[in-house]
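Data first, discussion second: the structure below is written as C-alpha cells.
Note that the chains are named A, B, C and D in the order they appear, and that numbering of residues resets to 1 at the start of each chain.
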Amino acid sequence: MATVGGFLVVAMVLAALFAPALAPHDPAAADPRPESILLPPGPGGVMGTDELGRDLFSRMVYGGRVSLSVGLIAVGISLLIGLTVGAIAGYFGGWVDSALMRFTEMVMIFPAFYFILMVLAFLGPSLRNVMVVIGIFSWPGLCRLVRAEFLSLREREYVLAARSLGAGHLRLIRRHILPNALAPVFVYATLAVGGAILVESSISFLGLGAQPPTASWGNIIAAGRHYVESAWWMTLFPGLAILVTVLSYNLLGEGLRDRLDPRLREGRDGKSARG
Amino acid sequence: MENLLEVKGLEVSFPSPAGDFKPVAGVDFVLEPGRTLGLVGESGCGKTLTALSILRLLPPPGKITAGKINLQGVDLVTLPEKEMVKIRGAKVAMIFQEPMTSLNPVFTIGNQVTEAIRAHQRISRAAARRRAVELLRAVNIPRAEERLGDYPHQFSGGMRQRVMLAMAISCRPLVLIADEPTTALDVTVQAQIMGLLKRLREELAMSLLLVTHDLGIVAQATDRVAVMYLGRIVETCPTPLIFQSPAHPYTRGLLRSVPRLGQRIRRLQAIEGVVPESSLRPRGCSFHPRCELADERCREAEPVLETVGDSHLAACHKAPPPAGKTDG
Amino acid sequence: MEADRKEVLVSIKDLRKSFPVQKGWLFRTVGRLNAVDGVSLEIEKGTTTALVGETGSGKTTLGRLVLRLLPADSGQVWFQGVEILSLPPSRLKNLRQDMQVIFQDPYGSLNPRMRVGEIVGEGLRIFRRGSRAEIAEKVKELLAKVGLPPSARELYPHEFSGGQRQRIGIARAIALRPAFIVCDEPVSSLDVSIQAQILNLLSDLQEEMGLTYLFIAHDLSVVEHIADRVAVMYRGRVVEEAVRDRLYRQPLHPYTRVLIESIPVPDPAARPPSSARPAPDSEDSEAGCSFYSRCPIRVDRCREEAPALREVEGGHRAACWEV
Amino acid sequence: MVNYLLRRILIIPVMLLMISLITLGVMHISPGDPAALRYGLNPEVSATALDRMRELYGLDQPFLTQYRGWLIRVVSLDLGNSFIDDRPVQTIILERLPATLLLNILSLALIFAVAIPIGVVSAWRRGSFFDRSAGLLVFIGYSTPTFWLALLLIMFFGVRLGWFPISGMRPWYVQFMPPAAQLRDLASRLVLPVFATAFGGLAGLSRYARSSVLEVLRQDYVRAARAKGLTEKRVVWKHAVKNALLPVVTIMGLTLPSLIGGSVIFETIFSWPGMGRLGYNAIMNYDYPVVMGVGVLSAFLTLVGILISDLAYAWIDPRIRYR
C-alpha cells in the first residue's frame, strides 16, 4: 500500500517539476475560435480543450504544480508551528502547557474554512496567501499529536535516566524525545498534505485560490461547472486528478503508519503473545 | 481417580512470515476433581497460552494445531463454537492476571455480574440480581447490595479481582482457571485472594488450575504441580515432592534461585544464561544450553516425560531412575 | 549497635511531596495525595538500605525526590555534605556524576533508538570523560563488568532479553563511578532465575566499587537477601526502620508483621500465609494513624493521633503507639 | 463535571472575542489595501462598501476604539445592517439558519447511522470481504474532493437521469401544493445535498469507528467477557461498541467545523438558501456586517455542538459522570 502510494507521489512530483517538458501546449495559450473551444478528448488533445480553447491536458499538468506546492508548503508551515508549539507545551508541561493547549483548542474548533475564505477575499486571493492561510489554520491537530508524544516520552524512564546522567534540555529533546516522536508526526504530515490539497482545490473552486489565467485543478472544475451538460471532461479530469493525488498521499501515510507505528500494527508478532 | 480435565499433546502455533512458531509444543496434564494443579514457569514458557487454549480464547492469530483437551470425555478442541460458548463460564470459568482491566469500565458491576449469570441460566432479572448480591457476599465484598450499582473504577484492584471471582463462580463451574490471579496485587491483598480462592474451591468442590510463577504460592495452594519450560512440561508431581526431590535440573535451578524469607545465604545460585525466544528452540532438550549436566545426548535427543517416582514424571535424560530418589 | 555505625552518605530530612489528585477525563483536581509525607532517613556509606512498601506507598517517589528527578515540596536531602534540593541547576549537573538510578522496567528504561554503546557511554560523553576512542574502550570495559560481550555496543536494546537489558541499565548507572545508586525495583519484572543473576551482580559491584544503594522493592524475600537496613513505608510515611535482622526477627509495627506474614513461603510444610483484614472501603481519618482501619492491634488513641517514628531500641525505629 | 462545563461555556465569549478581533483586524488591513479592490470580484460593490465601512465602523479612528464600538453592538445583539439590502444582519441570518441546520443535522444523522455500523462490522469481521471492500470505499471517499462529487451527482442524478431536482430548497410554487406533496418535494431536494455533505464525514468516521472498535476488542475485559460465555454478538455489540463510541463521540465534535465549512460549498453548489451561501456571497460582495455575523454565529454553533458531544461523552463514560 505504501509502495503504491509512494510511487504515485513521486510520479506526481516529477510531473510537476517537469511540467514544461510534459505539457504539449502553453497552458495559457487561448484559442477562442469556435472550432477549437470545448473540444472533447481526441486528436486535438488527450483531454480536450476548455471554454477558451486551451489545451486541458497542459492546464492539468500545470495545475498539478499548484496543488503540490500548496500542499507541501502549507503542511510545512503547519509543521513548523505545530512542532514548536506542541514540543514546548509537551516538554515543559504545567501552566505553559495549559495555556498553549487552550489556545490550540480554540484554533481547532474555529470554523476555519469560512475564515480562510474571508481572509483571502479581504487580503486578496493569491497562491502565497492560500498556502500561508491553510498553514496557519491547520496546525492544531499536529500540535496536539506532538504534545501528546512529548508528554508521554518525557516521563519515560530512559529520559529520566538521561536526566540523572546530567543531560540538559537540548540533549534530552534532541537525543531522547524527538527521535522517538518523529514517526507519528511524519505519518500525520503525509496525511495532512492530502488534506491541504483538498482544501486548496475547494478554495480555488470558490474562486479565492489560484486566479485565472493560472491553472489549478479547483478553478478548472469551477470553469467546467458551467458546461456540466456539454463538456463533462472539464469537470471529470481535474476531479480525478485531485482524487488520485490525495489518495496516493493517504495510501502513503497509512502505509507508513502501519510500518512505523507499532501500536496500530494489526498483525501481532510472537512477542506480544508470549504467555 | 477419574480425570475431569485431560490435556494431551497440546500444541499452539502462531503463524508468522518467518515461519510458524510454537509457544506451546506438546503439553500433557490431567486435572482431578476437587484438586488444584499448579502450572508453573517463567514468562514466555507458554503457561498462559495453555490456560487460554482450554477456553479456546487464544489471541489471534494463535491456533491450537494439535492435541486434545478432554473435559468429562468431550474434546473441547473440536467442539463447534456454538457449543463452546456453553462451556465457557458454565463448566470452565477463568480469572485473569489484570483485575484492573478485566472489567468493562462503562458498565456497572451489577450489570456485569448478572450478565454472567444470565448467560447460562434462564432466570429473571430480579432473581439474577439477588444471586449477584449473594455472590458478592460470598467473595467478601462489603455492602454488596449497594455496590451493585457502582462502576469498576470505584473498586480497588483486590476488590475487582473479587468481582471477577464472583462472576467466575456464578454458574458453579467444574473447573476454575486462575491465571496469575495475584501477580498484579500487593502481597497483603494476595494473601486475601489466595485464601478466598482456597475456600471457594473447597466449598464449591471445583477443580482449580492455578497458573503462576511464584513457587511460594505453589507450595501453599496446590496439590500437584506441572513445571513448564519453553512450551513443554518438564516435570510434574505431587506438590511436596517438587520441593523435596525435584528431578529436573531446571526445577532444581528454579528452587535454588528463589530468595527465601528467613534463609539468607551469601549468594543466590542463579541459572546461568537466558531463556531463548520460543521461535529459537534449541535442538534436543530445550534446556541443555543452560544445564550444567548436559552432554551429547541432551544436545541431540529430546527427552520425553517419564516416570521417575511415585506419580512423579520428568523429561530429562539425566533424571534418576524410578527406584531411587534424589536429594536435589 | 550505635558504635558500628558508619559514615552517613545520604541524609533525608522531613521530605514531603504531594500530587494533585485528578479524576477522569476532565483532569479536575479533587484533592492532594501525600505521596511522601515527612520522611527522614539516613543512608550509610557502602551499605544497602532497602525501602519496602506496597503500591502507592510512595517509595518510588521518594527515590526520585532524593535524586532530584522530581521537585520536592519541602524538606532536605544532604549528600556528601551538600544540601542538594536547594542547589542551583549548574551545580546540580556536577553532582549527577555521583548519584545514579536503575529502573524497574528494563524495556522502558533504554532509549529504543540508541545503540547500547551510546546508551552506556552517554554519561561519559556528557562529562567529556576522554576522547571518542577512550570512551569506546571504557564502554567495552563497562559491558564486560556487567557480563555482556563487547559486540553488544553495536546492537539496539530490543535485541536483548529483559535480564540483559537490566545489565545494560546497570552499566549505564556505574559508568561515571557514582557513589550512590537508587535501585528502583531493579528485579521485580524479571523471572526468578534471572533475578538471582542481577542481585548477585549488584552485590559484586557494591563490593568492588564501594557503592551505596537505596534499594526500593516490594518483595520482602528479595530485600532480606540484599539489604543491610530496611525501612518500611506505608502511605507516604516510614512506619518502621531497623537493621535487617532485627526487622525480620522482631518486627515491631503491625503493618510490617502483616507484610511478613502475607508472604507465601516455598515450602509446603510452612504455615500458610495469614490473610489480614481487607482494605477498608472508606478512607482513614486525616488525623489518626494511616494504618488504623487495617490494624489488628488498634486502640482508640490511634484514630485521633498519628504516631511519630521514634526510636524504640538500638537504632530500631517504629511509628506505632502500641510498641 | 459542572466545573468543566462551566469552563467550556466560558470559552464561548473568549472565542467570540477572538473571532471578532480577527475579522475586524483583517477588515482593518484590507479596505485600505488596493490589492483587495483589484482582486475583488465586484469592484463597484467594494467601493461603496468602503465608504459605508468608514461610516459604520469609524475606520479613521484607532483600531481599539473601533473594536470597542463593535463589541458594544454585539453585546446589545446589534450586528448592524447589511450593505446590500440594508436589512438587520440578525434578521437575515435567522431567515437562513433553519435551512443550514436542516441540512447539517440530517447529514450528521446519516453519518452516525451509516458510519458506525460499517466501522463495527469491519472491525468485527476484520479481513473479510466486507471489511476489505468497505475499507477501499472509505479510502476513496476520504480522498474525494466533495465539491466535485456534488457536481458529479448533479450531472448524473440531476441532469442525466433527472431523478432529483438539482437546486433550491423551496421554490415559490410549492406553497400551492398540499402539505404532503410539499414535504415530498423538500425530501427530493434534500437527497443530493445531504448525501454530498455527509460523504466526507462518512468515510472518515467509519474508518475511525473501525480502528476504535479494533482497539477495544484487544482489551482484557473483552477477553473476560468471552470467558464468561457470552456470545460473540453480545461481546461485540454490547461490550465493544459502547467503549468504542467514546472516541467516536469526541471526533464527532471536531467534525463540526468542517461541516460548517462544507456548508459554504454545498449551499453554493446546490443553491441552498442557508447561512453558508449567505456568508459566501457576503464575502464576495464585501458585505462586512453580514460576514462578521455569519462568522460569529457559525463559531457559536460549533461550540454548542462540541458542548453537546462533551455531554454525550460524559453520559457514556461513568468515570466522568461520577467525578
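Going forward, contacts are C-beta pairs under 8 Å (C-beta built on N, C-alpha and C of every residue); 3 or more make two chains touch, one makes a residue touch a chain.
Quantities reported herein were computed from a predicted structural model and do not represent experimental measurements.
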item	value
Minimum number of chain-to-chain touching steps separating chain A from chain C	1
From chain C, the most remote chain by mean C-alpha position	D
Centre-of-Cα separation between chain B and chain A, whole angstrom	52
Computed distance of Cα centres, chain C from chain B, in Å	32
Where chain A and chain D are represented by their mean Cα positions, the distance between them in whole Å	21
Whole-Å gap between the CA centroids of chain C and chain D	54
Contacts with 2+ other chains: residues of chain A	none
Interface hub residues of chain D, defined as touching at least two other chains	317, 319
Residue list for chain B, restricted to those that touch at least two other chains	43, 59
Residues of chain A that touch chain D when the two form their complex	102, 105-106, 108-115, 117-119, 121-126, 194, 198, 201-202, 205-207, 211, 218, 221, 225, 228-229, 232, 235-236, 238-239, 242-244, 246-247, 250-251, 254, 264, 266
Residues of chain D that touch chain A when the two form their complex	11, 14-15, 18-19, 22-23, 26-27, 29-30, 33, 35-36, 38-41, 126, 139-140, 142-145, 147-149, 151-152, 154-155, 159, 211, 214, 253-254, 256-258, 260-262, 264-265, 268, 276, 279-280, 283-284, 286, 291, 294-295, 298-299, 302-303, 306
Chain A to chain C touching residues, read off their complex	156-158, 160-168, 171, 175-176, 179-180
Chain B contact footprint on chain D (complex, rising order)	219-232, 239, 242-243, 246, 316-319, 322
Touching residues (chain side chain B, partner chain C) in the complex	42-43, 140, 142-143, 156-158, 186-192, 194-196, 213-221, 239-240, 243, 253-255, 257-262, 264-265, 267-272, 274-275
